[in-house]
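Two complexes follow with chain A in common, the first pairing it with chain B and the second with chain C.
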Partner chain A sequence: MNPLIAQIAAHSPGLRDWLALTSVIFSIGLYGLLTRRNAVGILMAVELMLNSAAMNFVIFNRFCLPARMDGSVMAIFVIAVAAAEVVVGMAIFVALYRYRGTVDVNQMNTMQDPVISIEGPGDFNREVMKNINKQYKSRHDH
Partner chain B sequence: MLMLPEIIVVVTAMAVLVADLFLTERLRMGVTWLSLAGLAVAAGAVFATPMNGSMFGGQFVVDAVGWWFKLFFVISGFFTVLLSMDLLHGRTTCRMRGIGSPGEYYTVLLFTISGMMYLVSARDMVLLYVSLELATIPLFALAAWRREDIRSGEAGLKYVIVGALASAFILYGLGLIYGLTGQISLDAARVLKGSPAFWFAAAMLTAGIGFKLTLVPFHLWAADVFEGAPMPITAYLSVASKGTGLAFMFQLFFRMMGGWVHDWALMIALFAAVTMTLGNCVAIVQHNIKRFMAFSAISHAGVFIMGFLGPHDYGVPAMLFYLLAYIASTLALFAGIVWYSNETGRETIRDYRGLSRTNPLMALAMMLALFSLAGIPPLSGFVGKFFLFSVAAGAGFHWLVGIAAVNSTIALYNYLRIVREMYIEPVHEDGPAAPASWSLSITTAVLTTALVLLGIIPFFYNAINGSTIAWLSAVLPH
Partner chain C sequence: MTTEIDIQHLGFAMRHAWLVPAFPLVSFVLVALFIRPLSQRFSAVVATLAVFSSWVVACAIACEYYRLCPPGGEHPVLVPWAFEWLRYQPGFTVNVGVIVDPISVLLMLVVTTVSTLVHIYSSGYMKGDPGYGRFFAYLNLFTFSMLGLVAAPNIVQMYVFWELVGVSSFLLIGFYYQKPSAVSASKKAFIVTRFADLGFLIGVLTLGYFAFNLFGATAPAVSARTAAHCTMPLQPMDFLYLTSPEFLAKFGALAAGSTGITLLTVAMVLVFMGAAGKSAMFPLHIWLPDAMEGPTPVSALIHAATMVVAGVYLVARMFPAFAVSGAALLVVAYVGAFTSLFAAVIGTTQDDIKRVLAFSTLSQLGYMMLALGVATMDSPLGYTASMFHLFTHACFKALLFLGAGSVIHAVHSNEIWDMGGLRKKMPITHITFLIATLAISGFWPLSGFFSKDEILASALANGHTFIFGLALFVAGLTAFYMFRIYLVTFWGDFRTDKAHHAHEAPPLMWIPLVILAVLSVVAGYVPMGKFVSIGVEHAEHHGINFAIAIPATIAALLGTGTALLLYTGSGSRADAIARSLGGVHTLIKQKFYIDEVYLFITHRLIFNLVSRPIAWFDRAVVDGSMNASAWATRASGYLFSWMQTGQVQSYSAWFACGAMLVLLVLWAALI
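For the complex of A and B:
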């Protein structure tokens, strides 16, 4: 057998390896959150970050205090809460998609610090909807 | 029974949800009465609970600081229901589409209040994290409540992403602390020694708190979420969400890492200086009153965290008192803003011109609230700011007090812009026709009286001070 493979097979991952894994997953999540344009993709990236943090609890529990269950219980709670977070997030995205036809976060720019004085929400909404329609059309023309 | 106030709020939330199924359209107001009654009873129950005691083997603890926080949360929830009821039951002159479902709205609102109340009583990471999420996740839904307003959905989207990011950071920090102490309890972390892992965890937690409390540079979500959310939710976000952030910061910085409070005083002072300055300077150019209030809330977050600078015996009571003054002033101001937007649907600062002639009482109440927020002497905002500034000065941060004084002047300019529109400019040709409804009138009257009395009568500050100092000096290391 190849000595490298033999060494890897003999070596069972320790605390340090697992923590490196979770920090890599957390970083991947953070990268995804910053680069994704689709809101659903961003939600998936956040899910990666939450899960890596939950893994931390399980890892510390397994390697530092195998007699108690605190960390594992915390991980279960984190999973449940993360699910609730995703449900609310997806509900908001679906409602938004029905109304605007997109969940691209680059187009979520209807509210900005003022450059010109704005008359009222009615005019404001009309103006913004015109802009959105224009963007939508220009994406589907070519 | 220590958990009685929380149980009452949760039971009310469930009862509202069930009652909403069975009430006919004509009796739909019943859910409002039910939530108001539940919150009033919960406030009474908070009064009835003792200021110290623990349940479940020390996992759920009530102490003086938590007791005051709970009272503030219930009060702000109560007035938020009063602010929301006209809008939800369609009793406004300006018809707003897409806002409705009062039963679900109140249920979600009551759940956030119960989450906040559990948060201040939590003594282990599981309850702390779950209650923090219980206080935050329903707010995402509330921010996106107006489905047919493009800004509301967008606010919900931004809030959900940033809120989830913040909780990921908090959770990662908590996980590292758990690894270092080996215990899920918050008190275990008091004895930690400084190590790279500890500082990394503290940085993660600080970033998470910064998001929740809108400290600069973690504040970018606030303006958009405040602008897009329905008006009563904007009011609720600016008081209750700020209170949650403070309670959470108190839990982490005092309870969990209490041995280190002196070491990061400089960091907190820098955060306070930057947050105040940026919040006030950006508020100068705002036209929309909701965005304006967002930046006002950001600059107030900077003032609040001065209470963490120490000496800690009186930093915390000063912070609690200012929170009370801030809740009264902000909600009194929002009662006027909600009334104006209900009547006309407009929300720019220019629209308030000439309000003192069309509705002098409301203009007077709004002016008092604005002066209190700016810190004009006899009003409560001044007294609260004075205590917090003296905390910072007592801790040796004289430069911070200087910056805060300059900031008070900028804030005064900002708030006087609205007063000028109301009192000096000619009357708006299309101003609100109807007077304020009874719910908004009661809110305005009660809160305006409160914000004046809090500043004049020292009883409230003495009460907060007396009950918290004994507890703090027993807990904190000196």
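For the complex of A and C:
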């Protein structure tokens, strides 16, 4: 055998190296997910994380059950799902951009509850309804 | 056993004794659910027919009973029909059945007779009332409950029906439910009797506890004596067992702690508390005068002739137990005597015709109680006398109430000073009312004379001279207040236009009056001593005992004479006496301020000192702790709401931190 090839084969990365790589990719993706302000960037970060997971499937397939194809099949699944997800996600972003004029996730805070007084259940519900109505109205005033 | 009775081969009426309460029950359901919405008139017919059928069966039972056990002989207790109702544990079940003995037969006859007549009367009296059908449904319910009470062979069944009559009384007192006074009267009656029934319940439980504990030791002897007369095996709660000498000898020997009072006395005084509540004895009498807010036929049926004698019936039913206790019997005698005097004194000053009759009922119930109280097992004349008076009183007091109802129907007022001169306008009502007045006053030859005579005789014979004197005085007072209302209502001039335009009641109303008047005249000739007795000795009915009849008649004549003197003519003499008495008259007229005392105790003392602190505790501590926990939950939610930024990224950061923490934990644990 060619000594070069043999050397390369002797130094070919093992399970540990591959897992380190996917961990790094996953961490980069997680960091992007948590820090990016642009929704498209977040989507890309999610893709990174998905791909690191898909790679894990392949890696474990290769090192644990080399005779079978289960992990590779799974990876193809993940790719297909990720593609579909990107389509849906991008469609949402387009709609969001049309509606709010931005895809900055820092401004997507309508899930936050306004401060609610704590007098009693009747007041509680009234306050919540008032806030919901106010937000609904302000949204349609834009 | 002198009389041989084959319990398995009785006549039809005995075997189907359950028919007596069943007729009104079925009719109550039919009338209340189906007939009432369709036809008012038909409701009355069905209800009346049902009670009449009960009367027929009750008569058949009476005939059969006295054919089996002839008058003058021994009168055993029969339970010809029963079924198992509650099985608590082997050897302790409660049956539902029908007891047949002299007093239950007597009460069944009285209840069905008066009830039938009141039903007939009501179909005229209540005509045009929007609640006509409802009224008859309630009357049926009451009749069913009362017959169930009378027929109870054990104290548990009696307690159940005892409450049922209380409920029907409540419904009927509050019949005019749009009238606030009727509503409060019905609540008052219910609460006062419920309070009394608390004592009864504790008494029943006490009796039941010891009856069950002593059952094994004493039951075989009792059972051997009575098994031939019952279709079901003896049970601890049966009256047959509770009143048996074997049980009472054992139970009467148990002392309550170191007080020197026997547990039997405690139990019987508690039972008497229930009886006193139902029969409106002195401290618990306050509900009966107010119960007159109900329609007059109801007052006649429930609050004069039948339900209020349930207390007397209970004491009579448990008489051997009271007799063994002795002290409890003395309580019965003195409470009865005091009530009879107290109520009679108040009765002389009241102006509402129904209230006078209510106080008269109280007084006569006191008479029955004192008669029971002075009797003993060795000389049980008072027992017979009490039942005799119950019987005659039911006739003439129902008659008085129905007569008063007829007058009220004509004049549209309860005030006797709105009436007057009615003897010309309402001759039949007048004559029957006069007969009843003479009967209750105790004039020979009417029924009241004989029964009162027997009560007085029994008090004297058993050495209760004080009670005898008191009863004699009450007899005089009775004559006085009865003639007072009689004279003011039927004699003199028409005091108002309404009295002037009064007219005789329709036949549906006066026919029952006439029947009751006939009964009031002849009831005294029933040789009650031969029919109703307790113990081996037969109380002898002496004909007329002149040593008692003469003072009694003189007392009645004095009372009548005083009434004639004061209330014929202008009536100024009565006013003069009332004015000269001043404060005493006001005190009596205001019923000795007993209602005010109760209001003071309940409102001022109990509400302020007990209820308000409890209410405060409930609001502040119980509700408060719940509110505090809710508040704490919401406050902590409020505090932590700063974490809810609405930013998905911050949520996912928290999520990532959590996931990493879990991984670390797993890593530390697994490696």
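Simple rule for what comes next: the second predicted complex is superposed on the first by the 103 of 142 C-alpha atoms of A that agree within 3 Å, B and C clash if a C-alpha of one lies under 4 Å from a C-alpha of the other, contacts with A are read in each partner's own complex, and residues count from 1 in each chain.
Here is the rule we use: a residue touches a chain if its C-beta (ideal position, glycine included) is under 8 Å from a C-beta of that chain, and two chains touch if they have at least 3 such contacts.
These figures come from a predicted structure and were not determined experimentally.
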Scan A:L33 for contacts with chain B and chain C and give back first, second, both or neither.
both
Using the superposition on chain A described above, determine whether A:A91 touches chain B (first), chain C (second), both, or neither.
first
As a test of reading the superposition: which chain, chain B or chain C, is in touch with more residues of chain A?
B
For A:L4, using the defined touch cut-off, is the partner it touches chain B, chain C, both, or neither? Pick first, second, both or neither.
neither
On the A-aligned overlay, A:A67 touches which partner chain: chain B = first, chain C = second, or both, or neither?
neither
Going by the contact rule set out at the top, does A:N106 touch chain B (first), chain C (second), both, or neither?
second
Mind sorting out which residues of chain A both chain B and chain C touch, each in its own complex?
33, 42, 105, 108, 110-111, 113, 118
Listed in rising order, chain A residues that touch chain B in their complex are 26, 29, 33, 39, 42-43, 46, 49-50, 52-54, 56-57, 59-60, 64-65, 70-71, 73-74, 77-78, 81, 84-85, 88-89, 91-93, 95-96, 99-100, 103, 105, 108, 110-111, 113-114, 117-122, 125, 128-129, 132
Can you list the chain B residues touching chain A in their complex?
125-126, 129-130, 133, 137-138, 140-141, 144, 147-151, 153-158, 160-161, 163-165, 167-168, 171-172, 174-176, 178-179, 182-184, 223-224, 227-228, 282, 285-288, 291, 345-348, 350-351
For chain A, which residues are in contact with chain C within the complex?
30, 33-35, 42, 105-106, 108-113, 115-116, 118
Sites on chain C touched by chain A in the complex:
631, 634-635, 638, 641, 644-649, 652-653, 656
